[in-house]
Each structure stands twice: as structure tokens, then as C-alpha cells.
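The structures considered in this document are given below.
Here come two complexes built around subunit A, the first alongside subunit B, the second alongside subunit C.
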Partner chain A sequence: MSQAQESDSSLLVVVLDANASAWAQSPLSLDKALQQLVIFINAYLALNPENQLVVLGASHKECRYLFPADPSSAPPTHDIQVYEQFRTVDVHVLSGVHEMLSSHVDGNTEEQQSLIARALSKALCHINQVNQLSVNKIWSRILVLSAGQDSPHSYIPLMNTIFAAQKMSVLIDICKVFGQDSVFLQQAAEITGGNYLKVDTNSEASLLQTLLFICLPDQYTRNILNAPGNDLIDFRATCFCHKRVVDIGYVCSVCLSIFCQTAPVCSTCQTKFSFRLVKSDSNQSNSTSSPNASAMSSLSLKP
Partner chain B sequence: MSQISSEDEFKTTIAEYLESLPTQFCQRVFSSPAACLAIFRLLSTVGKQLIMSMLYLKSPLRLQEIGQWAKADHQRMVKSKIHQLRKLQLLVEEKGSVSLNPIFRKQLQNALTGGGDFSSFGIPYTGEGSSRISTKQLAKYADERWEAILHFMVGRSSQSHEMLAPLSESVRSILRVSKLMEDGSGGMTITNSGFQFLLQDPASQVWTVLLQYLKLEEMQNTDVVEVLNFLFQLVSLQLGRAYSTEALTRSQRKMLGELRDFGLIYQDNLDSKKFYPTHLITSLTSSGMSNEAASDSVQSELTKSSQQGYIILETNCRVYAYTDSPLQIAILNLFVHLVSRFTNLVTGAVTRDSVRRALAHGITADQIITFLTSNAHPQMQGKTPVLPVTVTDQIRLWEQERNRLKPTSAYFYKDFAQRQDFERVLRYAQDMGVLLWASSDKLQMVVTRQGHARIAELSKQQRASNAQQQRTSTSSGSAAANKRTN
Partner chain C sequence: MILLPGENIKQSSKTAYKKAEGTLYFTNKRLVWCKGDEQTPTVELAHETIHSPRVNKSDTKVMLKVITIAPGTANEPSETNAPVFIWKQENKTEANDERTKFVTELSILSTRRTHTASSGQKSAAPTPNQNTTSNEYNKLKIGAAPASADEIKLRQEVLSKNGDLAKVHKSLVISGLVTEDEFWSTRKHILETYAIQSQLRKGESSAWLDLAPQNLETGNFKYTITPNVARHIFKEYPQVKRAYVDNVPHVVSEKEFWKRFVASQFFNRGRSADAVKGRDKIFDKCTQEEDSAFNDTKQINLAFLTRLLDLTRTEEDATETGNAPDFTMRPSKTDSKLALIRRFNHHSQLVLQTVLNSKRKQLASDHNSTDKMLEEATVLEDLDIPQPEKKVKLNVKDRSRYFSSLTADDANKQSKKCALDPAEVRAALDISFDISRPLDGCGNAQKTMSTLSHATHRLTLQKRPNRIQELQIPDDINVA
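Moving on to the complex of A and B:
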């Protein structure tokens, strides 16, 4: 893998968790967070005029492009106070988020889990497209601003996107605004070499400071400046049958699917397990045929 | 060393110019968000990140803390970047801790959030426009104007391109002040730095001209800060948009007229109420890359027409240039021995004589190589390295041929009273690595200027032992004759 050069331009995909009910519980209101995010985006655009930007919004129901917006929307009027490149982005992002929020008012407001996995795969598709079209090397990274909780149902697609990102050498930075640590997103940052940050929401501007300090540097600068270390990462996996986070589970010997209970047939690859061999020596079976799921998964996580 | 001194004069970066400004001037330049943004974009990547990290920090940081941000093997590099920021007066140091220049911090924040001075990013023209000019026309206009200047420099303007507008007096005076050209017997002739100028890429050419423009204004006692601020405002304008001249001051309007002569600005006529920036000036800090899809395609077409490479260089030093532009041929002629010319193709070879001729004009091997690389034909661009190594090495060797002797400022010691003294000083000088030459038969030696101070200290300590030592100082080592071959 070649090293990032100073002159290389970068592509940043911001995935914004736009789930109204999740933000409602946050000490930092969505409006304030958006303001700070917009300043961060402007700072990113100010770094290098060649820098490219995509902003994706993800709610519990849908995931859509906030920027670049579809050209059908009216062009924003020129505001002389702001540098024009910034202005376009800001207007699109802010109006896009408000549109998303207002369209989901009637929906199920209890759901706090957003379609992060879907947004990530959309982001990776976009990155891939840009890489195919451009002649020069473009270093890409993804920033997820997350407020909601993990959704165990999307464990498999999420892990798939994470490994795809790792293969494409795309960094994933996670900024968790409040609430419990997200087990899945922690893994996403760890595997792709990005940063996982939990923002101290006590002071107002801390989100912006964190973003500018840790998420702004590109791949080249990250080779030079230190990043905060990720101390404890929970590498536990979720079972494929009940979407529970498990310490110890059963792994299909053919497709490596993880289950919390024994089953005669693997639900993923339809392999029929032969239990006779296992049952013939019950003492041995405990140690060999039910391998430690976390050990297995961490093996596969560290290539 | 005429070569080095001419390059010293030849300030190619705006940063160096800003560093040379006195503090009060800098503070006034920083008072506009557009200027702050433009200056910010001129910094190195690490410098930008340092600024951004500190932009919203309330308390000053200790220098050591910033040192810890850097990884162990990049400590020195980050330190030099901090030093650079301090020289630009973006960082203020106080009792071992640093913070951002408060005015710069405020205005850069304004630039990001949209506040502060209203007109700093230009006032768009809202009146009725008789004819809207497309970005394509703008580009054509700018390229024509710029090429006319370069044509004039290589001295081809009169013969082949009569339809080009003649150069105005302001352009001539800048060329004269910048020493790119000088008044000779048969009109103006190009100088050595003019040859170097021709080989630069368009962006650095524009910067050079703008810097010279600033110098000229300085000489005429105009307010440099106003000029600088207007310049930074122009740099941050949007390509293809009309801006109003109404809010401009008198000196700014005058400047507009002069920049128009260079093709940096387009105006319908002299007293038009609107002006368009061209890609020459908007691409200095921003690529002019607009988010609208339409202008994107225009932009790519632009770069295709004006920047596509046309030179093929073979391993046997032969050059094939697909061009019919007299300007490009004239530039190539600086360092290529041209053999034949066809309708769209010029062939020739890089020879020892042709390169030495270029070197004699003050052009360096690196400049030739950069020029060839940036103008290489697309078929060559795919290779790494772009140019054949044999040729680039050969060009560098030809340059080294001319620099066989290297002058070093030095001190010459002679007439040691005792051999012991001589040997002690000799050993000391050898240990420190400052010895340039020594002869133990004649009891003479030459040490570098840095070494002299330490040896003088040694002899001071040894004065008790009454070591007699005479020294003669020669500014350039007398042992090695300080003449350049050829």
C-alpha cells in the first residue's frame, strides 16, 4: 500500500444520524450539533480546494444524500458574507436534514436505531465510483456522527461494510454524541484504522473541537500527528439467530455463522450438522465442538 | 555565485512576502475573512491542521504539549512548521505557550461561520447585464492575454501575432521592475530570471507577477495592505460570476485596470460597473471547481485545452513536441536543439550544448526537468517516473559539470610556532569535522568559518602555554582557488 502524499486530495463522506427520537434524548440538541458539523465541513473544504465531500443522512426509515443534492432543487441565493463554496454545502445540508425530520414525524417515533449500515454501504459505493473515475489517487474516509443505539439486526451487513472499507483502505471515524458506547461502531473504527470518540457533551463547543482536532486530519497528516488511542474495544459478536451479543457461542464449521444455541441445520448455508460424532464422546465435545465465539471472531477480525 | 543570489531575489512565494511585512501591516491584512482564508490555504497541510486544532481553543497551549501531538519520527518537521507559523505571525508566543493571533483567529472563524466584514468575499453584480460571458470565453480571453505577455518576453510578439493586443505600459513596467526583462539596445530583452520565469507553471508565474506588482505599489507609496486585501478578495471569487465595482475604492479600481492588462480580470469596457475574475486568478488558491455539474465539465475542458502535455522525451534524448504554438516552441528552444518543424510537431534533441546554453542563462537542471514533467504527453504521464531516468540523470550531470568547485567561507591558519601546536589544533579540527585542508609539511590548515570560533576558544584556553598563532582570515577559502570552471 502506497503512503499518502501531501498533495493528494481526499474525499470525506459524513454520515449523519438524523433520527429525531434519538437526538431528543441527547443533552446536545440536533440544531446545535448541526451548526458545529457545518463549521467542521467548512473547515474541511477550506483545507484543500480539491477536497470532495458527500453528506449522507440516515434515519430509522431511509438514507439519503444531503450533499451533493439533486440538481432539481433550487440553487441557493448568493450570500455575500460567506465564501460561496461553503454556502452551497451549508444550505443543502441544513435544509436536507429538516426535510428528512419533517417527513418522519408521523412514523414510529420510538425507534432509535438508524440505518447506519445502509448509509455506510452507500458511502462505499460512492467512494468506489469516485476512485474508478479519477486518475489521481484520492484518499477516502468516512465520518459517522452517531446518536442512536446499535441495531443488532444489521450486524451482518455492518460487518460486511466494515471489511469492505478495510479492503478499500477507507478510514471510518466514529463520533458518538451521547449514550452508551456502540459496540459495532467501535469495531468499525478499530478495524479500518479510524478513531472512535465519545464526545463530552457537558460543554457546548466540545463536539466541534473534537471534530477539528481528531477527525479533520487526512491520511497524510495522520501519519505525522498522534491520534488518541482506543483503549478498550469490545470485540464481541452477535449471534445470527436471535441477534444477541454473545461471549460464547456456536460457529458453523462451513460458513462461520455464529449461533447462541445449537441447531441441526445452519440457517445461513443450510449445512446439516452431524451430531453423532459429537455425541459419541461427550466429554471431549465440550471443549472442541463449541468453540469460543469471541476467540473465533477476533481471529477473523485481525488479518 | 550569481545563480544563488538571483534566486534569492526571485521571491516566488507569497508567504515569504508576508513574513517580511511589519507586524502592524500583518494585523491589518488579517482583518478581512477573505484574506485569512486565502492565507490559510497557502499553508502546508500540517500547518493547516495545527491552526484548525487551535482555532476554537480558548486557552493558550504550552509548546511542549504541541510537541507531543507529533509522532516521534516527525517531531522536527512539526517544530519547523510551528516556527513557520510564528514567522507568518499567525501564532503568538508568550512565556513558552502559544496561541493563535487573536485577529486571525476571529476572522478565520468568521470565514467559516459567515460573519464579520460583509464585502470581503466580493459583491456580486445584480444589475441588468447586457451580455453574460461564459467561462469558456473568459478562459480564452485570459489565456490570450497571458500568452501575449509570454510572447512578448520571448520576443516573438511582433512577427507572428499581430492580432494580439499590444502590451500596456503597466505590464512593461512590472516586467522591468521584476528584472524579468531589461531595456537593451533594440528594445526590451529578456534576463536570466526571465528565462526561469518562462519555465514555471502558470500558477507560480501569476504569483511572481502579483508579488512584483506589490513591490511596485510599495515603491509608489501606495497602501500595500489595501492592495493585499483586495488581492486576497479577488483570489476567493467564484469563476464565471460577475462582481460589482461600485463599492471599490479608487486605488482598487486602478488596480483592477492593471490586473485586466494581465488577463487576470475581464471587463467589457473601461468604466463597466461589473468585472469577472478569470481562471488565472481564481485558481491560485481554489481550483475554481464549482459544485454545479455544468461548470464542472467546462472546467475539465479548460484544463484539457490549456494544460494537456505535448512533449514526448525518449531515452535517446530525442524530443517530439506536438505543438504549433510559437510560444511553446520558443520556450523549448531554450534548452532543446530543435531539428525540424512540421505543421503540428517539432522534433529535436536534448544535447550537452543545448543544456549548457540554458544553464548559462541561469536556468537550473531541476527547472528543465520540472518543465518537461509537467508538460509531458499523456502517454508518458502514465509511467513512473514520467521522464526516462537516463535523460534526467544526464541533464543533472551536465549541470554538475559546471559546479566542480564549491566555495566555502573559511579561515586560513599558518606560521605555527611548534609542530605540537599545529597537531593539537589539527586533531581538534578533525574531531569536530570542520577541517577543509591541511598540510603538515608547511604547517598550514584551512577550517570552516563555524570551526574558527571553536578553535579560537581552544587557543584562548591554551594561551597560558603561550601558543603563538597567527591567523589570516580570508573570506573565501584561499587554498582552493575560488573560480568556477568555464
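Moving on to the complex of A and C:
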């Protein structure tokens, strides 16, 4: 892979988490957040006339392109006070978000999980298409503005997209506006080489400042700048029974599920264990030809 | 002469030794010559020391020389101690007869010696004969502790055969440094090889038996036919065996049989060009049988064919193009040496069969694969109907357990909050700002900036501390 040049154009894909229930609880209102996002987008577009932009909205149920918008929608009206290129983008984004949120009716708080994996897949497909069609080298990155939770069901697709992005040398920056730290998204940033940023909206941190400082530089500039890292990513395993972090535990040799204490039967795959506990030096793993595991092996992880 | 206990005289004769008259005795234990009428022997040679007799050829003087060797050594006769005895009788024939008696006895001794010597030599080599007393170790499991009696015997034999090992053994084990079991535990391979070798048998000789006559002085031919030779002849020529079985002993005696065999045309065919020796009823039948067996080249042994090998591929007769078939490599019908060549081929076949038979027995007992090569070449596994593999299904109940983590646990707690009021939600999500207006506040940008830059600074300090110190960036640089 060739190195980034200063003159290379870039493609930014913004994945906006439009989860209504999450935004409803956020101290930073969606209105303000969108304002700041729009300013950031304008700044990005201003950097280089060849910069390209794609905005995707991801809610609980759907995921759609906010920009470039559907050509059948009506073109926005002119306004001489606003720079034309910016105005197109902004209007489309805002109207798109509006549409997405208006379809949401009930206030189910359980559904705070957005379709991030789907959005990332769409983004990567678009990036691939652009790469195929263009003559020059275009460096792409993805910015995810996340307010909701990550769903464990989409773990596998999410990891697939993360590895695909790594292969395509696409950076993924995560900006967590509201909610707990998402382990999956932390891993996304870590693996692809992007940044995981937590905007502490409770204590009046500035989303715009964060975005402009960290997420604006392109790949060439990032090689020169230092970025704040997140060295608190917890890659340790958690046990299946209590969801506690384990350093040393027990692993079922059939389904590889982790437990912090011994049990006669594995709760995931119903394998019966016979208790011949092995010392830490041997590494007995039995074949999967019979559902009776003859030993549990001990697992030790380095934190 | 004074005899030893258990000794009896077999031959005695008046001979002269070193110009003195005396009597030469041959007993079952030794060869003794006593001078004159003395009772104590002047020359005494135990049977073990006698190597062989030597006679002289002249008719005037009848002499016998006895070559001796030191007992127990290899066949290296010493010429220094070889007593010579002379018969001084008037009648030369009588002297000759006497001498012949002694010569016969001594030759018997010498042949017996060569037999024992050769068998002794063979047992010293790694493949002992069937008649030696080496033990059969084929079922012995070496390394079983405590060592079985057979294993102890094996160890002793290995030590006796292997001088260096015996020295090491002596220095280590007998002096008490290493126990016996420990010593042998690292030398299992020696024991194993020896045990395997003790089972090996020497196969039958594959030499071509050439029954050549010994030319005696009187011009007679002498064919020595020992049982071994007879066995060889029977193996080579099964027709002779059949003739032997049919005719001996009721039709002809064994001696007569062999005499006629040697004289027969059958035997002499191929040895000399002139094969006109007269007809012989028994052996003519043999001749006929042999001819019919060898000349019949149509029959092929179909039992052990290699079907993948097609020898006719190399035929160069291409009659389609008009060439006449090849006639060069055909056995001619009138060649007198043809029978001999056929016999040679047959002999080679016999030799090969001794090896192949064991393999063929293996193949025949393994009924499934008659021709493995053919199967491998023709049976294509890919075209078989795919058999469903027997697998055990992994039964995972709840896959999301793999993916949920710390955060999921807390999320469960959060979801227990009561549902929000829909009106509140709609109010919160109302987007109504004018993009043409400037931003009306975005939080504490200054604070954010300082937090971020501190975090960056700290991280960079960890990773590349030298760089920051080099650049000497002051701390208050982030104040805008």
C-alpha cells in the first residue's frame, strides 16, 4: 500500500446513529448535536475541493443514505446567505434525519441498539465502489457518531466489517456521544487504526471541538500528528455465568465458553464434564467426536 | 600299548617312523605310534589335532604324512609337526592297502572337522544355523521390568558376543555405578537387533548344481552324490524325483539308480556335445517330461498377474503397414543347447519363487485386495457416492452469550427503567435550526481542548518520550 500524499483526496463516510430512544435521553440534544455535526461536515468539505462525503443514518430499524440523497427528492430552495455546496449537504442531512425519526412512534427504551453493522457494511461497499471507479488514489475513513448500545447479536457481522476495513486500510473513528463504552466499537477503532473518543456531554465537553481536533485530519496528516489514544480498552474475557472479567478460568473444550468456576455441565453446549482437573502444564483438548468432554482445561490470559 | 579308558583300536599296522620300526595304531580317540614293542607311545596325536592325511604318489615308497593343527584354532595347519610314517612291507599292494585304511580313517576325521569348523564359523556370524543352540527370542518383550529369564539369557549372549560392550558392562555394572536394568534400558536397541537376528534363517543355496566328476587315478569318474546333492537334484528336476520315488527301491537299488542317472542321456544332455549314451527306460521318460514342460510356452500362470502391465505394447509387429512379422527373437527348434538354456531359465525361476512365494502367500491370504495396483489405478474415489459423515452436532443454546460483555450486563439494568413519555421523546428529537445562522454554543470548547491535548501529550510521552523533550514544547501552548 502506497503512502498517503498531501495532495490526495479523501472520502469520509459519516455514520450517524439516529436511535430515537438513545438521543431522547442524551444530555446533548439531537438538535445541537446535528448543528455541530453539520459544521464539522462543512469544514471537512472546505479542506479540499476533491473531498467526498457520504452520510448514512442508522436507527433501530433501518439504515439509509442521508447524503447523497435520493435524486427523486425535491431540490432544496435557494438561499443566498449560505454557500451553495454546503447548503445542499446540510439540507439533505437534516431532512433525512427528520424523516427517519418521524417514523418512530413508541418510546421503547429497550431498543437502544442501532444497526451499526449494517451501516458499516454499506459504507464499505460504497468505498469499494468508489475505489473501483476512480483513477486517483482516494483515502477513505469512516466516522461513527454513536449514541446507543451495541447489540451482541450483530457481533459477528460487525467484526467482519472491521476486518474488511482493516484490509482496505479504512480508518474508523468512533465518537461516543452518549451511553456506555462499547467494547465492539473500541475494538473497531483499535484494529483499523482510528480513534475512539468519548464526548462527556454531562460535563459540557464540546462535540464540535472533539470532531475538529481529532477527526478532521486525513490519513496523510495523521501520520504527523499525535492523537489521544484510548489505552483503557479492555480485551479481557468475561465469564459466561456472571459476566465478570476473568484472568484465569475454566474453558469448555467443546464449545470454548469461559467459566470462572467449575460446573458439572457446560451451560452452553450441555457437555458433561468428568472431573479430572489437569495441572497448568498440560494442554488436553479432546476431539469433538463425542459429546462427553473428559477434561476441562485451564485458561490463563495476560491482561 | 596301553589304552585309555573307553578307547579301542580300530586300525593297526607296522610302520617305520624316523627310521625306527614300530606299530601305528588308530583308535577312537587318537593316533598313536609305538616304537618296537614299547607300551608308551612315541607319537601321540589326539583326534582334535589331526588335520588331514597326505599320501605320496610313488609306488616304491608307501608313506603317510599326517598334518596336524593346534586344537581349537582355525584351519591353519602347522607344517612343523607333521609326522611321516613309512610302510616297509615287501608287498607293495599290501602296504598300500594298509595305508589306505589309515587314510580312510583320517579322512573321515578331517571331514568331520571341516563340518564342525564350518558350522562353528557360521554360528559366530550373525546368522546362526538351525542346529545351533541359540535361543529363539521372537516372542520376547524387551524392557519388561523385572527382567524375565529369557531376557537375562539374551543379555548374556549379547555380552559374550560383543567385547566392547562387555568391557563397558563390567566397568559400570559390576563396579556398582549403574544398575543392570538401567544399563540395559538405554541399550534396548542392541537387545532388539540381536533378538531379531537370532530368528533369521539362512535360506537355501541358489547356486546352480554342477555335478562334476572327480577324476580318480585309474581313469574312473567318480560322482559324489550325497543326500544334500540328491535333494538339490530333486528340487531342480522334479521328474527325477518322481522317477526315484517310483523305482527305488523295488525296481532298482539306489546306487543303481544314481549310476544310471549319471550315465543317462538326460543328465548329459547339455554337458557335452555328443549325447549319444544309449537309451535308458527311466530317464528317457524324464527327458520327455522335461521337454514337454519346457517347450510348452502357451501356459501362463494366471494367479499373480499384474494387470496393469501390458507387455504386448512393445511389440513392433505392425502388420497393417505391410511389414512381415519379426522372426529374430524366436527359439530355434533344432538347437542342441536349447534344453540347457531352458533349464537355466527354469532354475532362475525356481530361485525367484522362493522369495515370491512368501509374498504370494501374504497376498492370497488377504482376499480383499487381489491387485492393489489395479484398484488404485481404476477406482476413482471422487466418483463414489458421497457418504454422509457421521458427526456429532455442537449444541449451543444461546449464542449471544459469547458476544455479550460487561456493557451488556449494565444495559440490562438500564432497560428496567420505565418507558419514556412519547411526547417528551418527540420534543427532544425536534430538529429546528437554521443553517444560515451561526452556531449558538457548543459546550466548553476550551476545556475539551485541554483534556484532549493532555491525553495526547501523556500518550506520546509514553511512546516517544525523547521527541517531546527534544522539541521542548512549553506546557501552556494549548491556550488559544
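Going forward, the second predicted complex is superposed on the first by the 226 of 303 C-alpha atoms of A that agree within 3 Å, B and C clash if a C-alpha of one lies under 4 Å from a C-alpha of the other, contacts with A are read in each partner's own complex, and residues count from 1 in each chain.
Quick note on the criterion: contacts are C-beta pairs under 8 Å (C-beta built on N, C-alpha and C of every residue); 3 or more make two chains touch, one makes a residue touch a chain.
Please read all numbers here as calculations on a predicted model, not as lab measurements.
*Asks:* Taking the superposition on A as described, I'd like to know which of subunit B and subunit C A:Gln187 touches: first, second, both or neither.
*Replies:* So A:Gln187 meets neither subunit B nor subunit C here.
*Asks:* With both complexes superposed on chain A, which partner does A:Asn195 reach: first (subunit B), second (subunit C), both or neither?
*Replies:* neither
*Asks:* Quick check on the superposed pair: does A:Ser59 touch subunit B, subunit C, both, or neither? Answer first, second, both or neither.
*Replies:* neither
*Asks:* Have a look at where A:Gln85 lands relative to subunit B and subunit C in the superposition and call it first, second, both or neither.
*Replies:* So A:Gln85 only meets subunit B here.
*Asks:* Identify which of subunit B and subunit C touches the larger number of residues of subunit A.
*Replies:* Touching more residues of subunit A than the other partner does is C.
*Asks:* Taking the superposition on A as described, I'd like to know which of subunit B and subunit C A:Ala20 touches: first, second, both or neither.
*Replies:* Second partner only, subunit C.
*Asks:* Please work out whether A:Gln149 is in contact with subunit B alone, subunit C alone, both, or neither, and reply first, second, both or neither.
*Replies:* Touch partner of A:Gln149: subunit C, not subunit B.
*Asks:* Go through the superposed model and pick first if A:Phe213 touches only subunit B, second if only subunit C, both, or neither.
*Replies:* Touch partners of A:Phe213: subunit B and subunit C.
*Asks:* Look at A:Asn226 in the shared chain and tell me whether it touches subunit B only, subunit C only, both, or neither; answer first, second, both or neither.
*Replies:* In the superposition, A:Asn226 contacts both subunit B and subunit C.
*Asks:* For A:Thr268, using the defined touch cut-off, is the partner it touches subunit B, subunit C, both, or neither? Pick first, second, both or neither.
*Replies:* second
*Asks:* Shared contact residues on subunit A for subunit B and subunit C?
*Replies:* On subunit A, the overlap between the subunit B and subunit C contacts is residues 39, 79, 81-82, 86-87, 90, 205, 208-209, 213, 226.
*Asks:* Along subunit C, where are the residues that touch subunit A in the complex?
*Replies:* Those residues of subunit C that touch subunit A are 391-392, 394-398, 400-411, 414-415, 417, 419-422, 424-425, 428-433, 435-436, 439-445, 447-449, 451-453, 455-457, 459-460.
*Asks:* Contact residues on subunit B for subunit A in the complex?
*Replies:* 34, 37, 40-41, 44-46, 48-49, 52-53, 55-57, 68-71, 74, 77-78, 111-116, 118-119, 121-124, 236, 238, 241, 285-287, 289-293
*Asks:* Quick one: which bits of subunit A touch subunit C in the complex? Just the residue numbers, please.
*Replies:* On the subunit A side, the touching residues are 20-21, 23-25, 28-32, 34-36, 38-39, 79, 81-82, 86-87, 90-91, 94, 97-98, 101, 105-110, 112, 149-150, 152-153, 155-156, 180-183, 201, 203-210, 213-214, 226-229, 231, 234, 238, 240, 243, 245, 254-255, 257, 267-270, 288-291.
*Asks:* Would you mind writing out the residues of subunit A in touch with subunit B in their complex?
*Replies:* For subunit A paired with subunit B, touching residues are 6, 39, 42-43, 46-50, 68, 71, 75, 78-90, 205, 208-209, 212-213, 216-218, 220-221, 223-226.
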